[in-house]
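The structures come next, written out as structure tokens.
Next come two complexes built around subunit A: one with subunit B, the other with subunit C.
Showing the complex of A and B:
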């Protein structure tokens, strides 16, 4: 099991509780084995889909076949450490506006798994401190 | 280890076979955790009874099928439902009809077929 979790908040939803990203062990093994494509492969897909949403054609949207296949055909980036894999995962699975822009306080933090409280009501009251 | 790469799967009689593109079994109580998965890079504990499943490899479109089921000890079966958020993730919900609130669930399973 991964030693890390990622706590993050969405500045677009200030009333929502902090969210917790939980990495998959299978995916982490792939990352450590060097089986992941460059992160840009996922960003291209996300950009195309966001554009379709903005243009109101998400229901009929289909990824470009070549860009979609790049998930498997692009050259692999090589083995990552667990820490590097978590950073990759942040950029893959957390909405980009949360980690790519600067706010007046941090919007995400990588923490040790044991630091995440198991009590839901306590967790829901969390805010990420500077 | 060998990998089988094909475009379609069929029985010897010619009937189509449609394996899951992704699946997950998660524990949504306590410190949320993935028990087991396939083609899932992570889950996001969004809020009480709400979990995003993020795919390792994106789907080609959002018209995939998501079969889901939940179980919560002592309560039984909260109503599960899902929203096909995008080609990269699906949001899973667990809702208690008796109390009209979202509820964390000890077992939430989802199979994605496309």
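Showing the complex of A and C:
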């Protein structure tokens, strides 16, 4: 199990509780084995899909075949440490506006797994501590 | 005119032979216009994509504990996002070609029995990179975390 979790908030949803990103062990093994493509491969796909959503054609949207295949055909970036893999995962699975822009407070934090509360009694009130 | 080069490996000692089958018909084998390795019947095809039986392909599957937020096992999942009580996103390792998935979900936890409910979150469209998962109590329609949550998406 990964030693890390990523806590993040979406500035577009100020009333929503903080979210917790839990890495998959299977994916982490792939990252450590050097099987991942450059992160830009995923960004290109995300951009194309976001554009389709904005233009109201998401229902019939299909990724460009060559861009989609780049997930397998692009040169691999080589083995990552767990810490590097988590940073990669932030840029892959957390919406870009959360981590690519500066806000007046941190919108995400990488924390140790044991630092995430196990008591979920007030889960919907979780926020990132200042 | 494009060219054909035969490139021996200076490190190996074996002899590779291109052999024709026993046939009286002329054939042309056209190589794909891309880099890579050809597979044989004994090769590892795990890197191949786009293979379909005609009944669709599994986009992703995940079994996770929504109460402790731990992933029991998964396929094509890079992470799971815990978005609050009974609200999750399953994020795919590799993006699907399109977002028109069929999702099947189930959830159960101690004390809920058959009143446990699980479905994609309303008004959250599935994309090529993630599917939303909502778990809760079908009696009062409230969200709740379930210890055994399972998701499978086919496309």
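One rule holds for everything that comes next: the second predicted complex is superposed on the first by the 127 of 130 C-alpha atoms of A that agree within 3 Å, B and C clash if a C-alpha of one lies under 4 Å from a C-alpha of the other, contacts with A are read in each partner's own complex, and residues count from 1 in each chain.
By our rule, a contact is a pair of C-beta atoms (placed from the backbone, for glycine too) under 8 Å apart; a residue touches a chain by one contact, two chains touch by 3 or more.
Quick caveat, the model's predicted, so the values are computed rather than measured.
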Quick check on the superposition: with subunit A as the shared anchor, is it clash or fit for subunit B versus subunit C? clash
Contact-wise, after the overlay, does A:26 reach subunit B, subunit C, both or neither (first, second, both, neither)? both
If we overlay the two complexes on their shared chain A, which of subunit B and subunit C does A:120 touch? Say first, second, both or neither. both
Is A:73 contacted by the first partner subunit B, the second partner subunit C, both or neither? second
Contact-wise, after the overlay, does A:39 reach subunit B, subunit C, both or neither (first, second, both, neither)? neither
Contact residues of subunit A, present in both the subunit B and the subunit C interface: 1, 16-17, 19-27, 30, 42, 45-46, 49, 58-59, 61-63, 68, 71-72, 89, 92-93, 116, 118, 120, 123-124
In the complex of these two chains, what residues of subunit C are touching subunit A? 34-36, 47, 49, 64, 67-71, 73-75, 77-85, 91, 93-95, 97-100, 125, 127-130, 145
Along subunit B, where are the residues that touch subunit A in the complex? 30-34, 37-38, 40-48, 54, 56-58, 60-62, 86-89, 104
Residue numbers of subunit A touching subunit C in their complex, please. 1, 16-17, 19-27, 30, 42, 45-46, 49, 53, 58-59, 61-63, 68-69, 71-73, 89, 92-93, 116, 118, 120, 123-124
Okay, in this complex, where on subunit A does subunit B touch? 1, 16-17, 19-27, 30, 42, 45-46, 49, 58-59, 61-63, 68, 71-72, 89, 92-93, 113, 116-118, 120, 123-124
